[in-house]
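Have a look at this one before I ask anything.
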């Protein structure tokens, strides 16, 4: 029985954030229109894998390039195809008011938890106090648990020391996704929050060392195109098999780098195409992956298969 | 006759971006709701001043914290109260598609030009090529002229060398608002674009030196609370009176810094309240100005009045 | 046989960089004068510990604040008191010429290897090519093996992708000390260089996860004040005891952070004083540790002792 | 009467920092050895120009790549060939102690003032307080007046608000060279310090706008290869001829950018060669200017001559 299946009765959401989750991409057609059928097809392709659920409307989902109607359609479809597993949904907007409104709507559609991005336009004003009030207000108003979401490469905001530790006292703030790849920060977050608080790695190139400092889970782009390997890494560490976990991490590294720092969402979509999933087009202003990028991700994927097989 | 009145017949939009424009704030009530009546009242307070028009939905307008309906309502009101002057409207969203859609809507409502913010979430992907394609696609689809908008303090993106120079060849890209305060960059933009291309300063602390390197205009936060002084500075420089322009710049400096780098939008709103305009509340996650900030901006305003009077 | 490849008893220097090394502080008197006697006393205090040797003239040694005579005196003393262990010496100066000259001098005094800091004053010019030529020229001229040294917090230079991988082909470039704490970078360095190339962690807050991605060794500030615990962590990992290694890492964390990011060299010296070593004064422009910093490091040290004992 | 306040013919050093100064390059031979004869020849080539004196051992002088003996030799020669004009000498080292020692030595050799670079290795520790103590200690011990020197592109340290304003009260701290090109900062420094305090621009691309906000002088790389034009710009502004000053600034811009941000010291040396001065080689790790860079600076120089003639 899959670990995500046996937990419906009573286990908290945070308690179920102990696994690997792909942050789903949003497939577009060549003309930029949403391709919901392809999105749906991907969801079913993930079903057989050892995953804790999925994240919709994250950074890899090009959430900032979607309008609200598109977002809600994606959530509805994801809910229908993620039965028995966690449906995490990114709801962070620039304003507290907008974030609350969207969080309520996705909760109505069945989201299990909301991932709330750091607001970041007015960078210099996003003090620890401003961020604390924002996350607290969202959590106060949210019908579902909240995961904080820090991703400095996109927001330009370094996560403030002590903020997650303070917010972890809120009954509906149940974890944080930390995507900078700073393993030392993950370790400090782990040390400063209760064991029930989920400290989630958002950086595949450091997933194994993150697990070594007791990260709870991974929401990792590379899990969109290589879910089996990432899940196997997670389980190897869980079983105390450091040798195998380290081997899988080394094998994953080139692909993990290529689909994030290397070529971004367009690279991830190309890797999904090469792996039998459906990446589809990106939405402008993102540029499509060039030939060289496509070859690089395909080659990284081939090497991964050869190594792991 | 006000310079903005005599130009309706035939002068291009870019040709009319030769003046000072306040980037209007969006007043909110204490509960975060939009306060349209106050917005309207401010517009009428600007009418007697020597301004080229107004900008709606800029960074000082907390555009990223508004939903589309709110944005369109503000544009409609602004159009009704800005007769005979330019109505510039910020329409930049993260996606090219969304930006085009919003630009068309505000053009329908009577906007004279759209100010298009640099998309910035996927920072590492926003290469010169990606940005060029974005701005060109928006300009191709826009019914009204386009002003580029660079504001690295908010976007985290340094404006790429050569981009504006290349885009200035597009018939509907008629200028750039540069808000970093980098006077050397303004000078290079001026040197590399046709004289008809508007190079607009978005940084009041360097407005006079920007004019010295032939900036065309200013869209400046401080013009929301001290429109007369900023306009007088512009006209002094235009008349070749460097002594007076320099004096006005020096007099403006403390207030100009306080309402931008110092205390941001909340500080600007406090200064507007102190100056007889209506700032109103900010929308969270921005925090309201504290007592010390209110005192500082009020004092800077008093000093400005005493100096200039 | 190249002298750089084989040293005492046949084992190469790189082969001996498989342990923990304290980056020695340089004690000063209150008036800023060098305190060689105290330096010597510290060396003898490290002798009983399970260390691979010592580093002299690193960042924690305030090397940039020493003149050449002071540097050579410290090397001479360190050599005399580090018999049978590796004596690593920081020799990186801004110019290639100066670095070569100093490297030769410390080699004459018996240094086993030189740690060569990234030159960094002309940041924008320090391209991968410029750095490659610098390190190669130093290695070509050096009588002893070279360890590259990247520490972006001090140099402002992010280590270029592929540089260490290319330089690892040089017969006298035998490793790199990476002090940013970026465990993903360590993993990539490890993956891209031969197993004989030492990939050394310079960041104690991530030492255990660094070992998990096969870092060779640690040159860690906290080893100056808690050498036994750091060595025990290293050995626990070496023995495959991940539980104990993780526990020791968690126990070390507060002290490790306090003596680096928290309070810097002054904090480290205070911790050494509290731990029975001799920190002594810092040299200006560094400021001495304040009372609060002293209490914090002393408390972190007490907690460490209580946890580990 | 303090020796620092009055010099030859009664005018203070700060009072004489009202002109253009070239920050002299240090010519090297192909093998990296110092080329003192060429240095001397350059000095005589500057004599006929309308300059306030020269700066030796600045960033363009590759000071960080020179040993102390080389530095003193250069100062001695410069003194002999700069009779009647100001000899400014860069003396900033990482330690306060070393900076004081070098300042005293160059004062003994006849330097009129010392330019003291922000210490920067321990960036996070270089608080406003640490920097204040450093500059005050140097000024207390210096026999000659001190100019502060901020150059964030090389130091990575943003100049702290209020620091120069506080230090301007010290009787021997008589000015600041600000090289970031931030004209707004220059204006704030000017507004916050006494008129006798020299606020010096170190950025040629913004020299004219810097003069518009009342900068006192310019220490500008481009003055090494085009001293006449830079001096003419300064005098045009002094005479109130803004039209000519602006024209000269526009004409200078491409060369000014090429020899700083564009190609650095190697580019400047190539421009000097092309202009009839003697640039000579750079010292590694700087790389020599490539063919393209040489052509670009030569072409910028030709265009400048054609425009100005």
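Quick notes on this structure:
The chains carry the letters A, B, C and D, assigned in the order they are written, with residues numbered from 1 in each.
In this text, a residue touches a chain if its C-beta (ideal position, glycine included) is under 8 Å from a C-beta of that chain, and two chains touch if they have at least 3 such contacts.
Nothing here was measured: the structure is a model prediction, and the numbers come from that model.
By the document's definition of touch, subunit C and subunit D have no common neighbour. Think of each touching pair as a link: the shortest run of links from subunit A to subunit D has 2 of them. Residue numbering at the subunit A/subunit C interface overlaps substantially, since over half of the positions present are found in both copies.
Centroid distances built from C-alpha atoms place D farthest away from subunit A.
Subunit A and subunit B, compared by their mean Cα positions, are separated by 36 Å. Taking the mean of the C-alpha atoms as each chain's centre, subunit B and subunit C sit 51 Å apart. Within subunit B, no positions touching two or more other chains are listed.
This structure has the following touching chain pairs: A-B, A-C, B-D, C-D. Contact residues of subunit B toward subunit D in the complex are 181-184, 187-188, 191, 203, 205-206, 208-210, 212-214, 240, 242, 246, 249-250, 253, 257. On the side of subunit D, the complex with subunit C involves touching residues 32, 59, 62, 64-67, 94-98, 119, 121-127, 129-131, 133-134, 137, 153-154, 156, 261, 264-266, 283-287.
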